[in-house]
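What follows is a set of structures to go through.
Here come two complexes built around chain A, the first alongside chain B, the second alongside chain C.
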Partner chain A sequence: MKKAYITVDGIHVPIEGEKNLLEVIRKANIELPTFCYHSEISVYGACRMCMVDIEGRGLQPSCSTSAADGMVVKTNTKEIRNLRKMIVELMLAHHDQNCTTCPKSGECRLQEIAQQLGVSKVRFKQIHDFAPLDDSSDAIVRDPSKCVLCGDCVRVCNEIQSVGVLDFAQRGFSSTVVASFDKPFGTVECVNCGQCIKVCPVGALSPKSQIDGVWEAIHDPKKKVVVQIAPAVRVSLGEYFGYKPGAATSGQIITALRMLGFDQIYDTAFAADLTVLQEGDEFLERYLKGQNLPQFTSCCPAWVKFAEQYYPDMLPNLSTCKSPQQMFGSLCKDQLTKILDIEREDLVVVSIMPCTAKKYEAKRPEFFEGDNPDVDFVLTTKELSLMIKEQGIEFEKLEPGSYDMPFGFKTGAGVIFGNSGGVSEAVLRYAAAKLNHGKMLDVRELRGPESTRVAEISIGDVSLRLGIVSGLANARRLIDKVRSGEENFDLIEVMACCGGCINGGGQPTSSDQEHLSKRAKGLQDQDKMLQFHSSQENPYLQELMREDLTEEKAHELLHTFYQNRKRITLDDIMIRRPEQEAELSIKICLGTSCFLRGAQTLYSQLTDYITQNGLDEVTEISASFCNELCQKGPVVTINGKILEHCTFERAVQELKKVKSFAH
Partner chain B sequence: MENAIAVKFDRVCQILEQHQRDPHKLIPILQEIQEEYQYLPEEIMTFVSTALGLSTSQVYGVATFYSHFTLSPKGKYVVKVCDGTACHVKKSTSLIDAIAEELGLSSSGKTTEDLLFTLETVACLGACGLAPAIVINEQVYGHMTPESTVQLIKEIKAKEAQI
Partner chain C sequence: MEGNPHSVLEGMIIAGKAVGASVGYIYVRTEYPLAVSNLKLAVKAAEEAGFLGKKIFGSDFDFEMRIMEGAGAFVCGEETALMASIEGKRGMPMPKPPFPAERGLFGKPTVINNVETFATVPVAMLMGVDVYAAKGTEKSSGTKTFALTGHVAHTGLIEVPFSTTLREIIVDIGGGVIDDDGVNRGADFKAVQIGGPSGGCLTQEHLDMSLDYDNLLKVGAMIGSGGLVVMNQQTCMIKIARFFMQFTQNESCGKCVVCREGTRQMLELLDDIIEGRATAETIELLEELAHVVKIGSLCGLGKTAPNPVLSTLKYFREEYDAHVFDKTCPTGQCEALSRYVIVPELCKSCSLCARACPVDAISGSKGVPYVIDQEICIRCGVCMDTCKFNAIVK
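Now for the complex of A and B:
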């Protein structure tokens, strides 16, 4: 068949299955400006920056137009140039131009495009006030004065994460991107993954900075400030200093952290090794007993909150292990206070994380002792780069340094935690040894760029089925299959961000697949270069387990619990209240889990029953939006008695019983 | 307020069933719910989003996009005073002031506490020949004066008092 071609500014370019004209034009080495186009989410066509002139069709947005054979396209006419400038000017007219103090400065797409197009003056005046900044969330700050309404955050949250916290509200001039009912960000279903920050072209969404608090602790002579670095940070921080993605700069990072004034430099991967041991034992126990399988990993705080909100019935299947960050925190506050002989309040634990959800995790009340958190501050990769720049450190010229002992020593198993599949691989290496089947290294079946992977692994006569999933929409699809019985697994590893922590919300913003693969490879190479590859071989960990961590202590320090989080955080609604005092009180849970289990039908049946039996005058009916018994839904409460897995017959039986007592 | 939500909850369930809980039918569902409640209560919108498998932000987005939908309770009688050009030059603002005073509405409040009246201004009713014009629910009244408007409101109040 004859190949199809288009002509772009006089250049012949073949069409090779690209999903739109914009992708074909890129092959002519022309990068059209865009705000709302991201290859991994749906095409929206809102910003109109990628307009091109198609012969016979006039101006068309190239992102939402398919390429067709013989198309003649111009990307640079007077009309197009004027149009693009006008769009940028209109955006700037309703954009807080305090660029020098904006967290996105230097990486801002609006700044970049305005300069690129030579927009030197804005002809339009601002005619509306900006909505106020929302910093109610522990992880993410939303600044509507910067928003350009590209809808990237709306689509990534909905399509990639299936959470859908944000959407457009109002219309015309009043259009805004907000959470439902314009509620503060900290009070809604947001799982804090920060993927919206990664796609936001401007400073409308940014990580909540904790830099000031860290400086204060460092400058306080009474405080000992220790720092832990997550695996994914070491293969991406360099990107802020001109290194290629995946370049491991652990040595320079350590030296920089010492120069910044941190007292001890440790590695989160040490705690990851500890996680492997705890989670591995937990898994083997569950596997042998056949209980609470599949076991879900619990390292990712965005996933944990997601599960608490949408899959409360699956919470018993989550590993009770704290995440490495939190294991590290509680271990430090327990051990280091003794070793250094200081008060808990004077030991400040800082973590450097590729993640915004870790900021939220550190603030969960169960990770506090009194007022004092296990982890005091969480900085993203970006925030660390800013501190290094603030101090004037010439990062690329630094001599490498080494971690402090004992919590700076790790095996390769702890390092690969930063990649999707890494936790599973680390646990498998441990399980293989534990089941006396020797060393199992390089489990390549678990790796790969696909966001959902299934692997069947045999360890001797034990055959395990593993699910590895990243991106919460993918997780949702997989778990729904598990729920319906269509799929069956022993262990499921969930990471909220596609590709794992290397693509976290606190990382450099590129989510280009090639960049991610390089970061992933960076961590795999680190694993290869380390002396040990299985967590149980970590000598410092062995010593810790032998000397200090009794089973009881380990349980107290290293494990946690989960809670159902009502998705609908509202009071009960009174549906019927009789004039006189009610003899019968019926409360029906209509929360998500109960709803899916038929609570609405049950509600209709019961109200009909009440009316048919002439009980309207004596019955009070209310609906609650979660009784915290999601595994046991539908839940109906009759005169205070909770009926789990309630059926219509069961409820009627109870009603008759109560009614006969009443008379 | 509690009872306003109360009685109609059954209807919400019915409406959802009639539309097979189809998320594509969100707009007709919201329209019918608004007919029941005269507005869209937050609890009910949240329930609808659960039932349809949509995020609450999507439902909120749709409800705020169309000016037909309202998120705050409206009175039994919605009084729309036209403030289009023709009505404006015929002193429609004096009608607005008169109604507000009669109903005891402040500049911020639009609905009376007893949920009987809501006062709204609209840009043009297309009844310029009758300027200044007001519409109460579906009924149009033309050539109004502050006195005749207040009289109209008083008549409704009297009628309601009898019920």
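Now for the complex of A and C:
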């Protein structure tokens, strides 16, 4: 078949199965400006910046137009240039332009495009009618005054993460993006993964900074400040200083951290090694007993909250292991206080994470002793880069430094935690040794860019089926299959962000596949260069296990518990309460599950029935609301008696039992 | 829908039969309770009579009718937004393609038409398509319903063949143009807004033009919803443009930037003109922005929203110029541009106006005619109302 071509500004470009015209135009080395186009989420077509002139069809948005053979496209006519400039002017007129104090300054798409298009003045009236900044979340700050309403966050949360906590409210010029029911961000079902931050082209969503608190601690002579660095940070921080994605800069990071004033510099990968041993033992025990399988990993805090909210029935299947960050925190607060002979309050644990959910995790009440948290501060990769810049450190010129012992020593198994599949691979390496099957170095079946992978691994005569999934919508699909019995696994590794921690919400914003692959490879290369590759070989860890961690102690320090977050624990909604004391009390559940089974109709029938029979004066009607899919709806409670799968007839029958009245 | 809902049902059943559809939806704004209740009655009656439901007239054809009440958003008249609303989603237009005929309601191929179109189907079939199509012009065949309103003696819904002229509609059917006080004194027609809030205006020169799709497109207007608002000479066209702009900017769904931000900024610019703050740049920027909103918007609402501005700019430029450069409103409708002046010959120096003025803009003394300080005056008109000698003019 003849190849199809289009002409873009006089250049012939082949059509090779691209999703839309915009992707084809990119092959002509033209990067059209866009705010709302992301290849991994659905086409929205709202910013109108990518409009091009198609011969015979006039101006069309290239993101929502398919390329067709013979199409002649112009990307830069006078009309298009005027259109783009004016769109930017319109956006700027309804945008808080205090750029210098914006967290996104320097990386802001609006700033970049305005500059690129030469927008030197905004001719429209500035209209500032924004909702106040919302910093109620532990992880993410929302600033409506910066929002350009591109809907990227709405779609990524809904489509990639299947959480859907953000959506548009109001219409026209009053449109805003709000969290569910316009409640504070910190009180809704947000899992804090920060993928919304990654797609936000402007400063409307940003990680909640803890930089000030960290400086405060460093400058306090009474405090010992120790820091842990997560694996994924070392292959991405360099991007802020001109390094290519994937370039490992651990050495420079260590030197920089010392210059910043941290007392001890440790590696989260040490705690990851510890996680491997704990989680590996837990898995082998469950596997041999055939209990609570598949086992789910628990190192991703966004996934843990997701499971608590949407899969409470699966919580017994989650590993009880704390995440490496939290294991590290509790270990430090327990061990270092003794070694250094200081009070818990005077030991400050800081972690550098690729993740915004880790900020939330550190604030979970179970990770506190009294008022004192196991991990005091969590900085994202970006925040660390800002601290380095603030001190004026020329990062790229630094001599590499080395970690402090004992918690700075790790094996390659701990380092690959940052990649999707890494936790599974590390656990398998350990399990292989434990099952006396010698060394298992590379488990390539577990690697790859696909967001859902299935691997069947044999260790001797043990055959394991593993599921590796990243992106919570993918996780939801996989778990639903497990729930329905369509799929079966022994171990499922879930990472909330596609590709794992290397694509976390606290990482440099680029999330194109090429960048991610380079970061993933960076971690694999680190694994290769290290002396040991299986967690159990870590000598410092061996010593710790031998000397300090009894089984009981390990359980206390390294394991946690989960809670069902599904039920809405608000009071029932009182719909009608008579003045005198009610003789009849009807409560009806109007939650999704009951609603889908006709609760609303039943409610109308019952209220009509009550009125028709003259019972309004003696009947109290209330509604409860939950989003558990209990399969028992509609549920009606009449004077305390719960009627499941209730019908109108059954309810009437019950009403008559309770009170005799004329029909 | 209110008067003869069965005509719509019949048209939809025929369309369903024609394309092999088994379910029809009627999307009706919940603010039209009469339409909603009559439609429901009609559907019930049609079901009982066997026109709707399983095996219609004993054939193999099943057709079910569902009535969906919308919460009342203008943009939900846009087909993709309408379908999103039926699906329970936010009423926002989606980029096309895919067109509804490929992937419409709930992802299924969908035929979507206006009420009027469906209601015309049975009539056209009964008459015979040739007979029906013989009415009107070659490219705009048949008839069209207009909602005639504004400064005419008789207002209401009218159905006329395409090719009828504006003069016929206004004079013969509407009974001529009336004054603000409701009297027909003849010959003071100024313009008509055609096609609803996002249509354009037609003027004196279009009175004898045949009304059809092509002709209207040529002069920058459209049939649109079939609204016809007749305006007399006392109407300020800038205020009219502002009125419609206010409507469309309120009804914009807020999805695409040019419509959401652009309509609001057009409104701001029109306010500048009406309130005397405009300069030459204002009108230049308004024109440029109107063009951008027209070419850049995602859906029909935005693409047509600037029409009232563009067509008044085209036909009533001098009125804009008067507001912008002379700071006057030729019809005297724009308060901010009107000047209240005391005619010295008529002033009796009674001081009533000075005492009534809320901002003390009027001064004078006994025996000397009073004067209004235009710098202080807020143009509230209280002085004019107070004067017993008609000495104050606008």
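Just so it is clear, the second predicted complex is superposed on the first by the 567 of 663 C-alpha atoms of A that agree within 3 Å, B and C clash if a C-alpha of one lies under 4 Å from a C-alpha of the other, contacts with A are read in each partner's own complex, and residues count from 1 in each chain.
Definition applied: a contact is a pair of C-beta atoms (placed from the backbone, for glycine too) under 8 Å apart; a residue touches a chain by one contact, two chains touch by 3 or more.
The shown structure was predicted, so the numbers you read here are calculated from the model rather than taken from an experiment.
**Q** Just checking: does A:Met51 make contact with chain B only, chain C only, both, or neither of them? Give me first, second, both or neither.
**A** The second partner, chain C, only.
**Q** With both complexes overlaid on chain A, does A:Lys125 touch chain B (first), chain C (second), both or neither?
**A** second
**Q** Does the superposition put A:Phe368 against chain B (first), chain C (second), both, or neither?
**A** Neither chain B nor chain C is touched by A:Phe368.
**Q** Does chain B (first) or chain C (second) touch A:Arg171, or do both, or does neither?
**A** A:Arg171 contacts both chain B and chain C.
**Q** Touching A:Ile575, do we find chain B (first), chain C (second), both, or neither?
**A** Only chain B; A:Ile575 stays clear of chain C.
**Q** Identify the residues of chain A that lie in both the chain B contact region and the chain C contact region.
**A** Residues 167-168, 170-171 of chain A touch both chain B and chain C.
**Q** Give the list of chain A residues in touch with chain C in this complex.
**A** On the chain A side, the touching residues are 43-48, 51, 58-59, 61, 63-66, 79, 82-83, 86-87, 90-91, 93-94, 123-125, 127, 148-149, 151, 167-168, 170-175.
**Q** Looking at the complex, which residues from chain A come into contact with chain B?
**A** Checking each residue of chain A against chain B gives 158, 163-171, 178-182, 189, 567-568, 570, 573-577, 590-592, 595, 600, 603-604, 607, 623, 625.
**Q** Write out the stretch or stretches of chain C touching chain A in their complex.
**A** 73, 75, 90, 92, 94-97, 249-258, 260-265, 268, 281, 285, 288-289, 292, 295-298
**Q** For a test of understanding, state which residues of chain B touch chain A in their complex under the given definition.
**A** 2-3, 5-7, 9-10, 13, 16, 42-43, 46-47, 49-51, 54-61, 64-65
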